[in-house]
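Presented below are the structures under discussion, each in the form of structure tokens.
Next, two complexes with chain A in common: one pairs it with chain B, the other with chain C.
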Partner chain A sequence: MGNLSINLKPNFMGLLKCLNSINWFIVFFSLINLSMCIYEDQIGKFDWRQSYVGRIKFAQFDTVSTARKIIVATEENVLAALNLKTGQVVWRHVFESTSSGNIQLLHLSDQIITVTGSNPYLVRGWDLSTGVLIWEWGLTLQKNEHTDFSEWWVQNGLLVHMVPKFGSHIEVSVYNVATGHNRGATSKLPAVWINEGCVLSPPYYTCISGSPGNQLLLSMDVTSDAVQIISKPLAEYTTARNANLNPFDTNTVIPGFLLNEKIILIRGNKFEAINIAVSEPSASVALVDSASGPLVLQTWNDEAKGFTLTAHNLVSGQRVNEIGWSDRSLSIPEPELSAVICTKTAREQHVCRILVTAADDASHLIQQEGRVLWTREEALANVVAVEFVDLPVSDLDAAIESEFDQKEGSVLAAFTRRLQSQFQQLQGAVRTLLAGDAAAADEPPPLVRDYFNLHKIMVLLTDAGKIFGMDNLSGEILWKLYEPNLNTEAAVMFTRRSARHPPHDAYLTIVGKHEETGNGLIVSLNPIRGTPVGEQTLHLDVQILQCAVLYKADAQKLHALILLDKDENVQILPESSAPLVENMYMHVADRSSAVVRGYALRHDGERVSAKNIWSVDLSGGGSQRVVWSVSKPAAERIHSAGRVLPDRSVLYKHLNPNLVLLLTEGPDPVHKDVVVATCVDGVSGGVLSAHVHRRARRPALPLHSEHFLAYLYYNDKQRRHEIATLELYEGPERWVPAGAAFSSLRGARAPHVQRHAYIVPAAPAAAALSATERSLTDKHVLLALSTGAIVELPWALLEPRRALSPAGEAREEGLVPYAPELPLPAEAVVNYNATLLRLTRIHTAPSGLESTSLVLATGLDLFYTRIAPSKTFDLLKDDFDYYLISVVLAALVLATYSTKYFAARKMLKMAWK
Partner chain B sequence: MNTKIILIYISTFVLGNVYCASDLTEEEIGHVIEGRVFPPEDPNNSNWQLDTRVHVNGGEYIGFVREDGTFVVHNLPSGSYVVEIVHPDYMYEPVRVEINSKGKYRARKVNYVQTSQVIQVPYPLRMKPVTKFRYFQVREQWRLTDFLFNPMVVMMVLPLFLIMILPKMMNDPETKEDLKQISNLAKISDVPEMSEMFTKIFNRGSVPKPTSSKAKQIKKRQ
Partner chain C sequence: MQQFTLFFVVHLTALFASTACIDYDGFLNMKLEHSLNCNDEKFCHRGSITLKSIRTGVPIIDQILFNEKHLEALKKLANEDEFYSIKTTITTGENSKGTEYLSSVKAQAFLENGLSDVINAWILPNGAVIAVNFQVANSTQPLKQATNEYKLNSKFYLRYIEQAPVPDTASYIQKMERDREAREKGEMKDNRSFLAKYWMYIVPVAIFVMISGATNPEASAPAGR
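== the complex of A and B ==
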């Protein structure tokens, strides 16, 4: 034995040393091997994607190709083909999001013709069945402001472009559609009578002109060689004081227009008033062709009858009864007929398919008898804010929880409560057993919290003012609420009470602006059911400067809403919570003047008042303006107060909960453009650090959590995107003793700031940090790229402590050596090949599982998934082999007993020897 | 389409910042970037033109691929652009195209680290798929070598090796004694015997004594 130990010992020590040295490599490779990607068979297991196109601007039915489609062009500059039966996107092309991608014309013949941009224009032809580009040509006109009113249409296979110059003339150019070859040069038609109120109904351009009381209705065929003007006194058609011209929403038959509530057609160079009354001023009118002659379709939202649609025969003026109905259950605010197609069945019945677009951006394809074939909620292409809301616990769980809440009461009372809840549990179990599987299969799963709290409701606030409640696991819309007056620009959402406090319901508040007045508009609702609660819809009579939620809840567990208005007055909702205001501070950053003001809120016994206590001017001589202002997420937890260094000392993090990162941008006389990142304490107004990036532009997407910050900017000199990261440390000693609350007002020490910048070899569009319940898990950065991929990067790769060539100690700490370019491997793409077009934001939320963070990416598409930055350490893998492990266990038990038996036999034999 | 429409801009060209206001009061627009995308070699990828997008400067300008793979991006002012071909399944190498104010083109490889390095590539661009993206992890398959090198298996095999082979290698009596002790310790004696358990259960403890003494006897003999 002695021999052996001598031989082994040095080797063992050597082995340990060897292990120590490869330790660093192990750490390094474990980081490089970003094995966080999913398996191929997990596609769609935790994630879903919904494709949208945006509010429909132009739509036409494709009647040529075999697969029935609707071709749509949208406000979001998307050209798409929708399946007629399901409404699914068959294919889509996304143009530039700027004005150069603006779709001016959609025309369907044997191919799709689009005109995009606004001087320069691009004319493209697409294959109708496949959607592939066939030809394109560009057109640039002399720059002038009149091109904004220009009109395009296709007539006899020629593309016509008309530019009206109000008060003087009309310029008309005709091009060969496919080549752009100009047939005749641009012709100028003198027309001094045109103004901004004119309407086009190809090829006629119609205006009301003349002095009041002596007005004329004028119209001209702008494509004919001979200038012919149709002119009639307006009084012949209307006696109304202010006459308005409106085009039809859809017109495929005869040129015509709407004069107030009258339909006027242009036939044989004559105006012809039609004897069909427009039922409602707001009605949408369409002229469509059908087998029995042209039809006039009207739709509006009747106060009594709900959504109403009527049809009249244009020739006879008689009502067509089979196309016309009212439906109270359909909520289609301000309907607009986007496209209509009418055919006739064998039984001489009209069959119409009508695509209706509403003010809430939703599109409905409606068939005969008001049957809605499908609905597309296109408002979701423009999500402004997202809030993840916990579901309430089931009634049974709530009863059990309440059992433990009640502290008072005798032993006997507690015992009876216990018995009661046990009985309820038993009842529930019996009921589920009796109900069987049949009922369970039909009903959707109840909206109750699951064991890991992975099932939530996402409340999505959209640009159109529509609010959606969405199931995060299935992506199904649970409820929707349309607020026509809500302007969601810079709107914020707060969960003021979670569903955790039965019998009180969850409470969510949206603070936005009123569409017309710009004053504050507050919408409070129950996020689980979408019903208004509390203040409901409250229209304030003043503009809001800043809003926040009080950190203390009142007796009803409701967090009060604090509003700071333009006159620096404070409003508390509900007012009863005013005495709870204590140690409350707010800051307001003015975008254009770059001045940040801090306010202290005090309750003087009667009311709460705000006092301006500090202001910081970040304008840098007037040129800078604030682009972003980011503070820490409100409900953030911090797991560790420091980092253990290799020499066993601790480097303490500077965990200032009031820290605000302000990014400013502006021109500079020497360095062209300058980006400044300033860390300001939101309570005291102290500037903790400031960093200047010269020749940089477009600062974007700041991230802020714990003690670290990151932001992106475009490096103009090197022409690349870079991400700057900062980490704030207090040093090897704590500033405040452990356990003491951090105070911004005590001590004016500046933290030690470490920083680095990395090259992002792509164009980032959005960024977010993973969020977990207790922040035990590593932080990962989710970076959305313009290519449509979301890349998950560990913070360790962005860490400012990465040294260029790590010395021994840094190696031991596990720091990756510095590399200027960030790796963006395909394995780290969380949405694999499900490309997400025009991503704008990523939202993350913690789940009940510490390892898992929920992610929702918004943009033109919605994509939901869940990520596990440190892998699912608290959950068995979904491919865990229960079968194998039970077989192995059984085999082991068997082997133990059999060897035991054989050993006993051997013993016996030995004993007999 | 090759004709470049050059338009002299009247000096109303105003941007929010001084970025191009240095001495470029006249800015010409209307340059085009042309090229051709080669399809990935995938037989079931029939409509690849739909999935392939041409992004210039991260989507600032967008081009579309025609049936034959050619593309044109229109209306670019002179400057430096990164042209990317975006396909969900295949990777294409991006190219930097520089257009000077005279309308001359230069295409080069994108290098974000050494931005001044020039490795020219032909213009009009020829974009070929480099590789297929590997988004997914490959599921582990059961293999014998994996099983044998499993730490648990190694942990079981190594002591076996120490117990069985080492004593034969060393004929030192002292170590033998030691090893014997170790093997005595390792002997399985705590596992309850199945027969004993059953007799205990069925006889309700009426005859536990003789069996336990038997066990003791066996232990003594060892």
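== the complex of A and C ==
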């Protein structure tokens, strides 16, 4: 206001001037716009969201409502409606991820009925078209045991709950579906013959019982008032030694079951063996109703013919030829018939729609003749690891690069190369001119690097063992690879060669475990095309303890993979890189014993050996266990080595590249639970700092970059989430001269550790730091909250150097005064109103633009966006007025020349006077 | 009086305990073994460090003297740029079985700095040691020779793991209270009327309106007709 009053003079001109200056203020403040949000018309321009539901557990076609849907219940505890035509999610309800959200039953009548949880149970009714909850009632059983094998189904508008007690009896309760009113109370049916191998085909419960060789096939209608047991010797149906009962994958017609490879129905209280052979032991069998009577559908993956589906008429046993085909192009491993609907057309032809779920969690809706209507890659609901891979440069750019690469050669050769490449460039330019913009918009952009390197391929590794290559701009799946033996628990991905080195292909390696043996399984592929390269799929004969990528590349620009196995032997892939191993260190933290060991790797001329050089025991008397171990991102650049203080001195950062943050938690006799955060040097094993949080639990989401670290924990005393931050400083003087390499083994000096803690007024689910190419841009923290929002916070708010009331100098430095609670403003939410359910991880990657960081959030949903922590200082605004600036420029040029002409004329006239 | 002093002592020890951040006191025994001149075994005796009380942290260091053979072996390691490893076994009153820790320094650096090292033992509030680190002290002193034998120059520090800071709500609330009080006082001072405070803005606007009204009275006059 003071500024204003000086400018303001009691006359008109003064006021005008003042208004002018206010205008400038407005312009100025709009330039340093502090909010980080996007405009409404920018929604979907730089970001996309994909919604998933998880592997389908139950599915039913909605035949009641006008808009055709498939209602699915999934392993991820999601109830959703999928559009029949496109496969997109119409509506979706996400239940608790714990056992209380486990879906036990999905039943469709005029509304959807679900049973969730495991004692207590919740029975809910949902509206078919909108998915709105209509009614709900709860049920708690007195006895908790045996409920694991309980079964639910709906029969004649009544909900039946059956709890078998093996070797004793069956408890059956019948409820009114909508009200939960227990109609006939609980009845106990004596059945000493039931065991774990029994199958239910409502309302019949069927078992094989008796001593071997004298086995009986027993079945009972558990809902009938009079107990009637159907009993037949097993030998009548099968002669196999170990007979197995299996239910049908889908059955809407007659109670029945599979006895080994035989279909047996229960009709009129009698077993009835059907004369239709099950072609393959692994085949999925379904019994469905159609206009011409019930059909038996079978599907399996034939080695020779690929995906195969057959149909037989249940009554006649005849094969229905119009349903049934095999397709080698479809890769559906271990198909399972989730839902089938068959109708008849006017021409008396069967029309079936079949929802098939495969072992790779993908669901396909297949129509007649094997036409796949849509495919949902539900494996993406469980992404384990993500790697952003640069695209190769275009052929043209590669030619230019190679032109400047070649040093040798005569002048003439260089000249011809130049001519050639320029001719190519000209050709390219002409081609793009001729093709025009319209043609370019239709076809997908080619997989080459763009000018700002914003276009990348994201390689996503999923829990199911399926690997995806995804375009980051469109979210389109470019390739997929299913690795059935890959156990992705604690799997890691390394880009061992980027696409920057033509003619060599990019090279990506996944190190995981074998599903059965637990030994190391290494998958190497070309991340651009998804084709196996190099070692391809390598199954080791030993378990892997630790793996790393060698920092030096070999002649083929390939970084070797170093594996430390359980017997502390070292394997180098490829072996030819072994002589490159030098100054290589590894550390292994044992989760349960909390012992951390460090190894020095040496190449002694023949082979590489690992020597245990340090070990620390973080168990704290045996109670603590390691929860997290985080080191710095591998290819991190550091822009500045210190911070300038107001008195012009420099506070140097402690930039130890080997620093590892280890978080342990465990019970304590005095303070209930404690969390210990220890900073260990990964090379020397020296502890740099350690702190203990009392009455704290669940340390999570550690962040580690440059000289700062942060982690979250739950404060048990205050019942809230808190974030602890720490920064390491060397002090006003450098330990090592500028430019000298840092060595962990040099000597005993401890950095100065600044610490603080802040309250997070939300429940964070994931956290990440923004990453830019040269780390010039500010570091921002991305916090994913359980509410489905991703909040972008500047590191300045988490800085431990924030003082409560900064004195003069600290204020000059620009530190924000301390406030115990972190602000989570709504305008800092990067995903605006696109709620992301059950987020688990956030991945960031640098782009070619220094200001921009690429972000992918994974969880039940995938969300991609890009953020600019220090604003887009190197990029023109999205709505930049090119037209205006060119008009202004042209007008200026015109004005300059015209004034020049007029000035010359005037001078001439003056001279004549 | 006696009671009072006793109370005082108890209070003092409690105070001390909170500063040392240790819930537990007892002895600490460290057996040091190194991998140097050990004949057939992997590790052999180098010395021991004993603390009578963890709380006071005063160590009694007892180490062997290095003879020519030791030095010879150390030089050999230094030539190969190898590590000189020390294994520490810690026994306390609660943990009589002992826990092993391993640490290494570059043999070259150890030799150059005249066999001087710094030993840091990090101890949790419950009295459990998490790590024993050996680091070479940055002292370019020559080897101390005592009749053909070389003295090890070790410094021992017991590092207590402190409690991490918690969100400082109390002092923040105090600060807010202070700010509020200051603001209230400030408002009390400036309780002039609206006109008294903002006359410098109102007067020019009024004058401007008057001038613009006075300069073209004819313009408004036809509108009235």
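Here is the rule we go by: the second predicted complex is superposed on the first by the 835 of 913 C-alpha atoms of A that agree within 3 Å, B and C clash if a C-alpha of one lies under 4 Å from a C-alpha of the other, contacts with A are read in each partner's own complex, and residues count from 1 in each chain.
Convention: contacts are C-beta pairs under 8 Å (C-beta built on N, C-alpha and C of every residue); 3 or more make two chains touch, one makes a residue touch a chain.
These numbers were taken from a predicted model, which means no experiment stands behind them.
Novice: Which partner does A:608 contact after superposing on A: first (chain B), second (chain C), both, neither?
Specialist: A:608: touches no partner chain.
Novice: In the overlaid three-chain picture, which partner chain does A:672 touch, first (chain B) or second (chain C), both, or neither?
Specialist: In the superposition, A:672 touches chain B alone.
Novice: In the superposed arrangement, does A:120 touch chain B (first), chain C (second), both or neither?
Specialist: A:120: touches chain B, not chain C.
Novice: Kindly classify A:616 by the partners it touches after superposition: chain B alone (first), chain C alone (second), both, or neither?
Specialist: After superposition on chain A, A:616 lies in contact with chain C alone.
Novice: Which touches a greater number of chain A residues, chain B or chain C?
Specialist: The partner that reaches more residues of chain A in the superposed model: B.
Novice: Taking the superposition on A as described, I'd like to know which of chain B and chain C A:759 touches: first, second, both or neither.
Specialist: both
Novice: Touch check for A:39: first (chain B), second (chain C), both, or neither?
Specialist: The first partner, chain B, only.
Novice: With both complexes superposed on chain A, which partner does A:900 reach: first (chain B), second (chain C), both or neither?
Specialist: In the superposition, A:900 contacts chain B only.
Novice: Does the superposition put A:499 against chain B (first), chain C (second), both, or neither?
Specialist: neither
Novice: Could you look at A:820 and tell me whether it touches chain B, chain C, both or neither (first, second, both, neither)?
Specialist: both
Novice: So which bits of chain A does chain B touch that chain C touches too?
Specialist: 759, 820-821
Novice: What part of chain C is in contact with chain A in the complex they form?
Specialist: 23, 83, 85, 94-95, 99-106, 109, 118, 120, 122, 124-133, 135-138, 159, 161-169, 171-172, 175, 200-201, 203-204, 207-208, 211
Novice: Where on chain A is chain B touching in the complex?
Specialist: 1-4, 35, 37-41, 91, 93-98, 100-101, 117, 120, 122, 124, 127, 130-140, 142-143, 666-667, 672-673, 697, 716, 718-720, 759, 761-763, 765, 785-788, 820-821, 826-827, 829, 832-835, 838, 879, 896-897, 899-900, 903-904, 907, 911
Novice: Over in the complex, which chain B residues touch chain A? Could you list them?
Specialist: It comes out as residues 1, 5, 7, 9-10, 12, 17-19, 29-30, 32, 47, 49-51, 53, 55, 57-62, 64-67, 72, 74-75, 80, 82, 84, 86, 88-89, 91, 110, 112-113, 115, 133-139, 170, 172, 174-175, 178, 188, 191, 193-194, 218, 221-222.
Novice: Touching chain C in the complex: which residues of chain A?
Specialist: 5, 8-12, 14-15, 597, 600, 611-621, 668-670, 676-678, 680, 684-687, 690-694, 715, 722, 724, 745-749, 755-759, 804-805, 818-821
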